[in-house]
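Okay, got some structures for you below.
Heads up, the next two complexes both have chain A, just with different partners, chain B and then chain C.
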Partner chain A sequence: MDPMAAIRDTFFQECEEQLGALETGLLTMEGGDCDPETVNGVFRAVHSVKGGAGAFGLDALVRFAHVFETALDDVRAGRLAPDGRVLGVMLRAADALADLVRVSRDGGATDAERDRLLVEDLKALSGSPQPQAPQPDAVASGSADGGDMDGFAFQPLRFELDAPPAPAEQNWTVRFRPEAGLYAKANEAAVLLRELGRLGSALVTLDASALPSFPDLHPEGAYLSWTIDLATAQPESAIREVFEFVEGDCELDIAPAAGQPPGDTGGIGDIDLAALIQQSQATMAAAPVAPGVGAPRAAEPAPDTGIPNPGRASRPADAATAPASKATIRVDLDRVDGLIDLVGELVINQAMLAQRVSEAGLPRSSNVALGLGDLEQLTREIQDSVMAIRAQPVKSVFQRMPRLVREVSAMTGKPVRLLTEGEGTEVDKTVIEHLADPLTHMIRNAIDHGLERPEDRAAAGKPADGTVRLAARHRSGRIVIEVSDDGGGINRARVRASAVAKGLIAPDAVLSDEETDNLIFLPGFSTAETVSDISGRGVGMDVVKRSIQALGGRIAIASRPGQGSTFTMSLPLTLAVLDGMVVSAGGQTLVTPLTAIIETLQPRTGDVHSLGSGATVIAIRGTFIPLVDVGVALGYRAEPLDPARGITLLIENEGCARAALLVDAIQGQRQVVIKSLEANYRRVPGVAAATILGDGRVALILDVDAIVAASRSAAGQAPEFTPAAGFAHV
Partner chain B sequence: MDETLGTHQPGPALMLPDVLDLRAAAPLAAELMARRGQDTELDASRVRKLGGQCLQVLLSAQVCWQAEGRRFRVVAPSSDFTEGVALLGASSLLPTFGA
Partner chain C sequence: MTVAKTVLTVDDSRTMRDMLRLALSEAGYRVVQAVDGVHGLEVLQGEAPDVIVTDINMPRMDGFGFIEGVRRSGLHRATPILVLTTESDAEKKSRARQAGATGWIVKPFNAAKLVDALRRVAA
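Right, the complex of A and B next:
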């Protein structure tokens, strides 16, 4: 990849992070927390986007970010109170900034009129004449394609200001030693020094003592370092901000000057220069005119010249004073996926080995069996660690929602407050990627259909602002995400009437409240009298349900009239492995997800009752639960198994309704690696995926909900067997 | 490589390119290496930008030339060049001379 394109890609990835931080910070401020660190964080985010955009000549982005940043600076300096009106403008500005970033990356155009009005609003916030927007040269002299990546045009700027420092000024000593990587990433020491100079009065002292002799010099190496005596009223964080793009590519020490007279720190005087010349002469005497000597050493530290170097004397402290941020690396996702696949193979291989050992009749206490146990433990740990690499907080999806809420709120004229909880809950990246669409739809739906109009809310004695809550948490090895609103709840009469009108249910069907609520998940169902721009985009709750199910998840709804509705999604933490119960049914080996199983039991003949329409129920502790013969349901055999000769697995589906699966036998419990059947073959009803067992055979993983649902529809002529009849509610 | 670098410029002075950035550092070092052992003048009248790496090349070359008893002078500096040298704190190390 073109290095410039790679840097550009990284810039846009970082923009996404900065935009997320910006939105989070603004929302925190909106929530009343205007801690200086929060405000600084918000400022930094916009500043970083601007800085990067400047390097790539993205002028429109730079101009907008500059105005935004100016208003934020006023907030930071206490000149502008961050009240609701100010934050409203800033949140809209954050949306516009995100659009500008997107357009800069993908092409297209933003709403210029909206951007212009926002710029005016932002300027009006500051209420004072704006500092001049940066000259194009100041931020980027390069073309948009990055052909000229220097971005450090000269500007008239004095570094030794004669004006007396303002009373609040503090003296800082900044020691800065770029590494070769800093330059290689299109950063430039001169630009950083100029930025630093903007903070106050700066006295820059160059330390060239690490400079090698000319034949040994690698032109793209980094040998110079600087000590800057800076008098500024800005806090240390402002100084660090200057270096935030280069933190990993330089040695940096920022410390209060501690009474040192300016100019007394390091530097190189005549003595050093003389020493350099001396050293150079010595080197050349040893190796006269030999261009080949001294191979390029771009990334190596500068060679020790043996020259006293006061500028570096304090460096050992650098490590202690450097910001204690966790080191991270960006890794191509394909590499991680490749690793996960390999670990999956390792798990399968380990299982096969265990099976062979078991078949060989080795006792459990044998060294081989014990060693294998250790290997299994280790394999599982490796697998967990690898999975953890892909795990990400749901924050990346959650933070897209405030904007959606603002937009839908504006379109519907319903004021909405979005509360989020558990943003740090981690789940596999693939799950996260598939969460955005269903969540977007559910939140739209919650505002459009769930929340009442403000006047209706007032009449019901509710606050005018509706509340939509988005929460995530871990529960029993799954992630549970809830979208709830404090609206009017599902209008069951209307839902029922709509379902009857659409022929989805018979006019005389007897449905429980829960079943009525669940009608909204039926394909083709919509209660909206007019198709609105918001929810009526051809995506119904049935699509939401299908996409959740495709992830191995379940969705349930709970609604209370007048109090609101809660949609609960339960999803696996990973799509790569599954803890399963291996069973046999109709001569086939199948895997049932362990999370669905509540208990297993041996049915007694007297507990099983046939209901005449092909449906069977089993009495478990006084409750009748539908019994599904898995072998029959999947078509492995025509004749049902005698329940007394089988085993039942009591399972719970998404609606907390229970069913009992009848299988021939249980083989054991193990972790299996999920292989997509859809990707490798095609979708099969009743089957979620496949796996490879220890003996090398392919086993299908049951889609428990689908099997239960299919058996219910098969017994559809007998509606009394549905949960409405009260059998399944335990 | 920047075409303004050296070879197209008549006379003994090496004409420095307008942008002395990361990408100009290696060509500049090569140009200078080719002139090693000769008195060298560098014409900085066109320079608009000076980066840390080109400054390194200039400083190291200057030391090398001086050690070998050769003249090394930066002449006719543009205001941008002078400003850039000052910005990088190198005014005392890299003296410049009028044209």
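Right, the complex of A and C next:
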């Protein structure tokens, strides 16, 4: 890759990190913790974004970041108290900055009017009508500072002189006498003379007359001076630039050589030039030079806010406050994925080898079998370690949510407090990437539909601020993410009425509370009486459910009237391997995800009842559960298997809807490497993916929900309340 | 051919570190990098760079602290230090000079500007 393009990528990655740190920092400050290091971190984040943006010429980003940074600098210097109003503006500015970064990376446009208003708000905060005020103010305040600002007084001069071209060679006399301060800052006269020589031809004369006799010589004193006769086509600005770093630490006199008036610049230029040079010399002579190193700086502008000035404390002296960063390397994702594929092959290969060994009839105690056992252990460990490379904390998704909550809160007029827990919980990067949309939707829903209006909350004796909680944790090899609110809970009467009105359920259907709650996962379901701007964009909970299921996950609702609702998602930690039950049906070997299976049981003939429409149910401990013959459902055989000769897998959706799968036999439980069927062949209804077994054969991994749903539709039933109905619409 | 000069860059931004490394190594310098002032001083215990380029705003120890630290050290007090400033920020420049900075580079910089500044301080 082009190195600059790679750095650009790095920049945008870093921006995401900085924006995250910015938001976290601002929220910490909002929580009342205005520790100088927090404030500094917030400032640095914006400063970093600005610096990088400048390098890539992203002007809009630089301009906005600059105004933001100015306001933050005021907070840092104690000139601006970070109260709720100030932080409100800053949080919105952080959001706008994030948008600008995104637009800079992906193209498009931000809301220019919003950005403009924010810039005004920020400027109003810092109280400086001209945040871009380096020149007059800075020089004026600087001269009160001990006079080491003389270098900057030259700026206008340099600017003027840059303009006219200087075509012909011209002679200059430069007198240069370094002071001790020049050497103390590690500047070197010889280097400067060499650089001066690059401009043209130079005759350098040393004046060592000030050199004292040896006993009086101070080792770090400055005794030498030089006169340089320089013939150059470069303008005076170029000469001055050579000495840019040492202005204030030397006596410097640059003048056109005697008897050689500057030539070709024209009459007006002559006059200006001479005047300006004189002016510059006067300025330099007037300016006291070489302030003592370490001299205390003059006071900063007096804080007008009356809050304690954290001023000097903002210099973090103790390294202990920040944890030393762990060494990390960044690796192209393709390499990691390549490694994961290879490890998958290794696992398959190891399984095949194990099978061959067992086929060869070697005893378990043989050295080969023992060695193979060790290999299997190692393979497992390698696999886990490689998977861990892809694992990331869910923080990257969680930290986008505070902004969303602010936006939805503003739109709905409901004050909301967002609590997050378990941000450090790690899960595969692919899972994380696919979590953002479902989470966004669920949080929107929680605020828009879940939380009551403030007046209703007050009437119910609840705090005016609604609470939305977002939590992640690991549980039995999966990650569980909960989105809960303390709102009114699901209005079951309304949900039911709506479902009846839409023909989703029969008017006389008998539904439990859970079943009613699960109606909201049906496609096209919406309870909002008026389709609001926030949740009602035609994306329903059915889409959330489908995207969670596509990740091999499940979703469930628990709702209590008046107390709120909790949506619980349970997702696999990785999309690369799966614990499966290997079964055979219709002569084929299939894998059923273990997470879907509650129990396996041997049906008795008397337990199975045909409903006439082709559907079959099985009585299990007093309840009737739909029975699906997998061999028939996938078209492996036409005639159903005699249930008494097969075995059933009792499965359950997260919505508590149960079904039983009838298969010929169970071969065993095994971890399998998931291979996408869609990517290698095409999507097949009822099949989630494929894998390669130890004997080298391809086995299909069942999409359990889809098979159950398809067999229901095939049996001619009206769409049921089961949330698995999504399959019929794929 | 002379031995490549070594430059120590101290910057907390990966983007900046990458850009500095690219520009400097293309110009023939050997590049050593540190992520903040504390790290910079640590690196200096094992390296003797010809020039140091440092950012100002950094966690743990900022550029001013780092420059003062270098100037206080016996070994590196004569090593030229260039500071990276975002714009011609007069206040920062003068503070950096008081701390003992040799010169400065105004961001955004290009490779020519960077090498030019290095040449002006390194023998």
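Keep this in mind: the second predicted complex is superposed on the first by the 419 of 730 C-alpha atoms of A that agree within 3 Å, B and C clash if a C-alpha of one lies under 4 Å from a C-alpha of the other, contacts with A are read in each partner's own complex, and residues count from 1 in each chain.
In the analysis below, a contact is a pair of C-beta atoms (placed from the backbone, for glycine too) under 8 Å apart; a residue touches a chain by one contact, two chains touch by 3 or more.
These numbers were taken from a predicted model, which means no experiment stands behind them.
> Check the residue A:83 against both partner chains and state whether it touches chain B (first), chain C (second), both, or neither.
Once the two structures are laid over each other on A, A:83 reaches no partner at all.
> Touch check for A:211: first (chain B), second (chain C), both, or neither?
first
> Counting only touches as set out at the top, which of chain B and chain C does A:178 meet: first, second, both, neither?
Once the two structures are laid over each other on A, A:178 reaches chain B alone.
> After the superposition on A, what does A:384 contact: first (chain B), second (chain C), both or neither?
neither
> Determine, under the contact definition given at the top, whether A:35 touches first (chain B), second (chain C), both, or neither.
Touch partners of A:35: none, neither chain B nor chain C.
> Looking at the overlay, what does A:345 touch: chain B (first), chain C (second), both, or neither?
Neither partner.
> Pick one for A:226: touches chain B only (first), chain C only (second), both, or neither.
A:226 sits against chain B, while chain C stays out of touch.
> For A:421, using the defined touch cut-off, is the partner it touches chain B, chain C, both, or neither? Pick first, second, both or neither.
neither
> Output check: A:186 vs chain B and chain C. Expected answer is one of first, second, both, neither. What do you get?
both
> Need the overlap of the two footprints on chain A, from chain B and from chain C, as residue ranges.
148-149, 152, 184, 186, 188, 190, 291
> Can you check the complex and tell me which residues of chain B touch chain A?
So the residues of chain B touching chain A come out as 19, 21-23, 25-26, 28-29, 32-33, 36-37, 48-53, 55-57, 59-61, 63-64, 66-68, 79-80, 83-84, 86-90, 93.
> Help me check something: in the complex, which residues belonging to chain A touch chain B?
Answer in residue numbers: 141, 148-150, 152-154, 156-157, 159, 178, 183-184, 186, 188-190, 193-194, 197, 204-206, 208, 211-215, 217, 219-224, 226, 267-268, 273, 276-277, 280-281, 284, 289, 291.
> Show me the residue ranges of chain A that touch chain C in the complex, using the header's touch definition.
Going by the criterion above, the answer is residues 3-4, 6-7, 10-11, 13-14, 37, 40-41, 43-44, 47-48, 50-52, 54-57, 134, 138-139, 142, 145, 148-149, 151-152, 155, 184-188, 190-192, 195, 242, 244-245, 248, 291, 293-295, 297, 315-317, 319, 321-322, 325.
> Would you mind writing out the residues of chain C in touch with chain A in their complex?
12-16, 18-19, 22, 35, 38, 57-62, 64-65, 68, 71, 77-81, 84, 86-91, 93-95, 97-104, 107-109, 119-123
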